[in-house]
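The structure's right below; bear with me while I get my questions together.
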Amino acid sequence: MDISTIIGLILGIVFMVWGIYESGDISSYWDVAAVIITLGGTLASTLTSFPMRDMGNIFRVAKKAFIYTEISLDKVISDIISLANIARKEGLLSLEEYANNLKDDFLSKGIMLIVDGTEPELVRNIMETELLYLEERHASGQKLFETAASFAPAFGMIGTLIGLINMLKTLEDPDTIGPSMSVALVTTFYGSVLANVIFLPLAKKLKVRNDEEILAKELMVEGLLAIQAGENPRIIEEKLKTFIPPSMRKNYREQIEREGA
Amino acid sequence: MDISTIIGLILGIVFMVWGIYESGDISSYWDVAAVIITLGGTLASTLTSFPMRDMGNIFRVAKKAFIYTEISLDKVISDIISLANIARKEGLLSLEEYANNLKDDFLSKGIMLIVDGTEPELVRNIMETELLYLEERHASGQKLFETAASFAPAFGMIGTLIGLINMLKTLEDPDTIGPSMSVALVTTFYGSVLANVIFLPLAKKLKVRNDEEILAKELMVEGLLAIQAGENPRIIEEKLKTFIPPSMRKNYREQIEREGA
Amino acid sequence: MDISTIIGLILGIVFMVWGIYESGDISSYWDVAAVIITLGGTLASTLTSFPMRDMGNIFRVAKKAFIYTEISLDKVISDIISLANIARKEGLLSLEEYANNLKDDFLSKGIMLIVDGTEPELVRNIMETELLYLEERHASGQKLFETAASFAPAFGMIGTLIGLINMLKTLEDPDTIGPSMSVALVTTFYGSVLANVIFLPLAKKLKVRNDEEILAKELMVEGLLAIQAGENPRIIEEKLKTFIPPSMRKNYREQIEREGA
Amino acid sequence: MDISTIIGLILGIVFMVWGIYESGDISSYWDVAAVIITLGGTLASTLTSFPMRDMGNIFRVAKKAFIYTEISLDKVISDIISLANIARKEGLLSLEEYANNLKDDFLSKGIMLIVDGTEPELVRNIMETELLYLEERHASGQKLFETAASFAPAFGMIGTLIGLINMLKTLEDPDTIGPSMSVALVTTFYGSVLANVIFLPLAKKLKVRNDEEILAKELMVEGLLAIQAGENPRIIEEKLKTFIPPSMRKNYREQIEREGA
Amino acid sequence: MDISTIIGLILGIVFMVWGIYESGDISSYWDVAAVIITLGGTLASTLTSFPMRDMGNIFRVAKKAFIYTEISLDKVISDIISLANIARKEGLLSLEEYANNLKDDFLSKGIMLIVDGTEPELVRNIMETELLYLEERHASGQKLFETAASFAPAFGMIGTLIGLINMLKTLEDPDTIGPSMSVALVTTFYGSVLANVIFLPLAKKLKVRNDEEILAKELMVEGLLAIQAGENPRIIEEKLKTFIPPSMRKNYREQIEREGA
C-alpha cells in the first residue's frame, strides 16, 4: 500500500475543490465537451503513440504506484549474509533447498544458476541482462504516463481554442461572452489538473519505485557473485552496506548470530 | 496492421469533431489561408531541414506506424534454440540449408557468416555495425515527424499573428472583431491538432516499433554468437529468456521436442 | 551556516515586498483560496510523486542548504599528506590510531579498510560504490525541490484559471471584473514566487553542495589508494593538487613539516 | 546544389506571403523599428555569444546548406574495394600513386599514412582525432544558427513589448489602439518567421549534412584499416556494406571486375 | 580584448534604444519598482543558488568574456615541435631551462613532470585530472550566468503580475488602465532584455572560450606525452595538426628550421 500516492491524490482533489468553493460553484466545472476533448483526445493520442499491448498493461502498471510492498534493503542484505554463512559452512550446493523458500524470484533464480555451477562471468551476464530489460519494461510504463501528461494540457488548450472560435464566430450578445469564455477555459483547467495532479505525479512515483527495485536487485547480484566467489561474509557485509545510507547500517552478522542462537 | 495507430487516429479526429459540434459548427473550421500557412509552412520548413531523399522516404516510414507485423520474441527464441539443436547434432555447416528458409534477412545473413567460418569477433562486429546503422536510419524517420511536430504549432501561431495583424490594421467595424479573431485562432487550432493528434503520436509509435525491432535483433546476435561458440542449448535458452518478461517465458526446449516428435 | 542562502532568501522576499509597495498594497496579496490551491496543490502532487520516507527527510535535506560546514579541500589534502608521511615512517598499520581521530567517517572507514589489508581493487570498489549511492541519495533530495519547483507555477496557473472561470460565469457588474481578476492573478504570483525565490534556488544550492562533497570524497579515495600503494608523498601531493584551483595550491609538505616542527 | 533547401525556403516565403494576401495587405508587414529590434537584436546577441572568427565563417557555413555535393557512400565503398584489390596484388606501397588521384583529402591523407608504414594503432588514432575535431568545427556552425533561432523569437517578443509599452503610455484615441497593436505584433511575426522558416531549418540541414560526411569518413577509416591489415577484399566488402541500407547494397567486387575488364 | 563581446553588447543596447525611439520615448522605460523586482529578484535568487565564493568570482569570470588573449593553436603546435626537437637533440633533461621561459603554466608544469622522470601513465593522469577540474571550475562560471538568464524573465513576469494585480485592484478611472499596464509591462521588458542581451550571450561566450582553452590544453597533453615517448617530431606534427582545421595547417618543422637558421 503506497500511502503517499493515495494521500497525495486525495489531497490534490480536495484542495482543488476547496479552492473552487472559496469563490465559485463546482457545477460550472462540469462540461461534456470539455471531457470529450481533453480526456478523449489524450486517450486517443496516447493510443496512437503506444502499441495496444502497452495500453492493456496500463492498469497493471498504474497499480504499482498504489499497491507496493516496500522492498527492505535491510532484509535483502541480511538474507544474503545468511546465505553466505550457509554457503561457507555447508557448501554452495546446500543453497538449493534455501532457494525455494525465498520469496524473491530474481534471487532464487540467481541461486539456482550458482548451484548449477554456471561460470561467474555468465551468472553476472544473465542477471544483468535480466535487470536491463526489467528496467526497460518498467520505463515503458512510466513513459505512457509521461506521454499522457504531455498530451493532456495540449488538448486542454485545443479545447479552449475550440470554445473561443465557436464563441467569437457568433458574437452577438455581449452578455454571453463571459459565460462562454468561462466554459472555454474549463478545458484548459481539465488538462492542467489531469497532468499536474494525476499523470505527472504517477509517472514520477513509478520512476522512484522502479529505481528502488533496481537498487535491491543490483544488491542481490553483487551479493550472489560474492557468495559464488566464496568471499568472506565480513567482506560481503562491508560491500553490501555501501549500497544503503549510513544511518540504516547495522551489524548484520551479529544480528544473524543472535537470531540463529 | 497496427490496430492502435488506426483506432487512435480515428478516435482523435472523432473526439475533436464531436467536441466542436457540442457548441459550434464544423464549417467555421475550414479556412484556406489557415491551411496554406500551417500545412504549407510546416511542409516547407521540414523540406528545408531534411535532404530530398528523406522526404521521399516519408510515406515508406509512416507506413511502418500503420502496417506492422509484430515481431514475436517468442518465435525468435524458439527459432534460435532449434538452430542450436541442429548445430549441436549435425554441425555448424548444416545450418546453411536452414538459413535459406528463414524469413528474417538479418538472421540468415548472420548464419551465413557463421557457416563461412568468420571469426566470432568479426561476426559480432559486422552484426552490431549493421544494427547501429539500422537504428540510425530509423531514427531519421522519427526525427522527420518530430520536426514536423515542432514546426506545426509554430506556424499555427504565425498564422494567428497574421490574422491579428490584418484584423487590427483595419479595425473599423467592432462587429467584425469577433469573427475575424475566430478565423485567426483557427490556424493555432490547426497547428495544435496536427502536432498532437498526428505528428507527435506517429513519431512516438515509430520509436516504439524501432525499439522492438532492435531488441529482436539484439536477441538474434546473442543467440547466433552462442550457437557459434557451441554453447549448450540449455544455457542459450537461459540467456535469451532474460530478454523477455517473466510472464512470457516458457520451456522452449520441451516445446520444440514435443513439436519435433 | 550558508550565508548566501540566508541572504538570498531574505533579499528575494524583501525585493518582492518592496516592489509591491512601490505601486500597491501588500494586503491585496493575501488570499486563502490562492494559498490552498498553490501551496496545497504543490504539496499534494509532490507527495504523490515521492515515497512517504523522502517527504519525511525533506527538512533534513533542506537544512543542508542553510547550515553547512564548508569542506576545506585544503584541509583534506594536508590530512592525507600527513597520513602518507605517517604510513611511510611507521607503516600502514600505524594509521589505525590516527583514523579514530578523524572527523570524517568516510576517510576513517577507508583507512580501516587499508589497515585490515583489503586488496586495493576492493578498496576502490567499496569506496566508489559508497560514493555512487551517496550521490544518488543526495540527488533525490534535489529532485524533490525541483519537482516542487515545477508544480508550483502549474498550480499557480490552475488557480488563476479557477478564478477566471468563476468570475466569467457570473459576469454581471463590470465594476467587479478588475478586482476579481486581480485576485485570480494572485495565485499565479504565488506559484512563480514559490518556484523562483524558494524551490529552484534551493535545488540548485543543494546540487552545488553535493558536488563539493563528492569532490572532497573523490580526493580522499585517490589519496587513500595512493597511500596504500606506498606512493611517494611528493607524488601524492602533486596528484591531489590537480583537484583544486591553482590559486589555492600551496606547498603542503613544507607546511606540515613546519607545523610538525 | 541542395535542392530541398532552396525549394523549402522559397515555398516557406511563398506560403507566408500567400497567407497574408488571403486576408490582408503585405504593406502592413514592413516596419523599420521591427527590423531593427528583431534582426538587429538577434545579430547583436549572436555576436556577443560567439568569437568574431565564427561570425566571419557564417556565410561559408551557411553555403553548405545550399551547395552540397552529395557524398556517394556507394562510390566510397567501391573506391576502397578497388584500393584493397590493388594493395593485394601490387602491395601497399603501390597505393601511393593512386592516392594522388583521389578527390577526397581525408582518404588520400589516410593512404599516405599507410604507405609511410605508420602503425595501425596510430593511423586509427590520427584519423579519429581528425574526425572528432571536424565534427566539433561543424557543430559550431550549427550552434550559431541554433543560437540565432533562439534569439529571434525572444527579440520578436521584446519588440512587441516595446510597441505595447509605447502604445499604452499614450493611450488617448481608442481608434489608434488597433493599428498600434498591429504594428507591435509585426515584430513577433518577424521573430517567429526568422526562426521557423530560416534559422531552425538551416541548423537542422547542417546537422544532417554533417552526419552524412562523418558517416562517409568513418567508412573510409574502417576501410583503410582493413586494407592496412591486409584483410580479404570479400570481408572488407561485407564489413563496409553494413554501413549502408540493404536496399543500396550490391556486389561491388563483381562490378569492379566488370568495369576493370 | 574580445571585440565581438563588446560590439555585440553595444549593438544590442543601441538597437533596443533605437527601436524604442522609433515609436516612443525612452523615459517610459525607467521604473524603480521594475528595477527592484527584476534585477533585485534575479540577484537574490542567484545568490541563494550559489555559494558566496562563486558570487565573489563573478566579475573575474565575466571579465573572461571581455578581455581575452586568443590562444593561438598555431603557436602551441610550433612550441611543442620546438620542444620535441630540443628533446631529441639535447635529451629530455635539457627541457627544464626552456620550461621556465614558457608563458603557459600548464605546459611548463607538464614539462617539469617529464623532466622529473614521472611515469607516462602518471603524467597523463595528473594532466587530465587538472583539465577535468579546470573544466568544472569554468563550467560553474557559465552556470552562474545561465542561472541568472533563467531567473531574469521569471522575475520580469512576476513584476508584471504585481503591476497588474495592483492596477486591477483599484480599477476606478479607465483612463489610467493604459499607462498602468504600460508600467507593468516594463518589468517583463527588463527581464527579457537582461536575459537575451546580456546573460545568455555572456554564458555562451564563456562556454566557447572554455572549449578553446580546453582544446589548447588537450593539444599540450598529447604533445607532451609524445615528447616523453621520444616520438619522431614528424609524427608529433602529424598528430597535433589533426586538432586544427586543414586551412590553418602548415609545415611547422620547415618554419621552425627557417626561424632557427
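When the chains are written out, they are named A, B, C, D and E in that same order, and each has its own residue count from 1.
Rule of thumb we're sticking to: contacts are C-beta pairs under 8 Å (C-beta built on N, C-alpha and C of every residue); 3 or more make two chains touch, one makes a residue touch a chain.
Here the structure is a predicted model, which is why all the values come from computation and not from measurement.
Between the contact lists of subunit A and subunit E, the overlap consists of C.
Touch-path distance (fewest steps) from subunit C to subunit E is 1.
One rotation lays the C-alpha atoms of subunit A on subunit C, and its angle is 70 degrees to the nearest 5. Taking each chain's centre as the average of its CA atoms, subunit A and subunit D sit 41 Å apart. Chain centres here are Cα averages; for subunit D and subunit E they lie 25 Å apart. Touching two or more other chains at once is no residue of subunit D. Taken chain by chain, the contacts form a single closed ring in which each chain touches exactly two others.
The ring of chains, read from subunit A with the first step to subunit B, runs A, B, D, E, C.
Contact residues of subunit E toward subunit C in the complex are 32-33, 36-37, 40-41, 43-52, 54-55, 105, 113, 118, 122, 125-127, 129-130, 133, 137, 140, 147, 151, 154-155, 157-159, 161-171, 183. Contact residues of subunit A toward subunit C in the complex are 2-5, 7-9, 11-12, 14-16, 18-20, 22-25, 28-29, 70, 175, 177-179, 181-182, 185-186, 188-189, 192-193, 195-197, 200-202, 204-205, 208-209, 212, 235, 238-239, 242-246.
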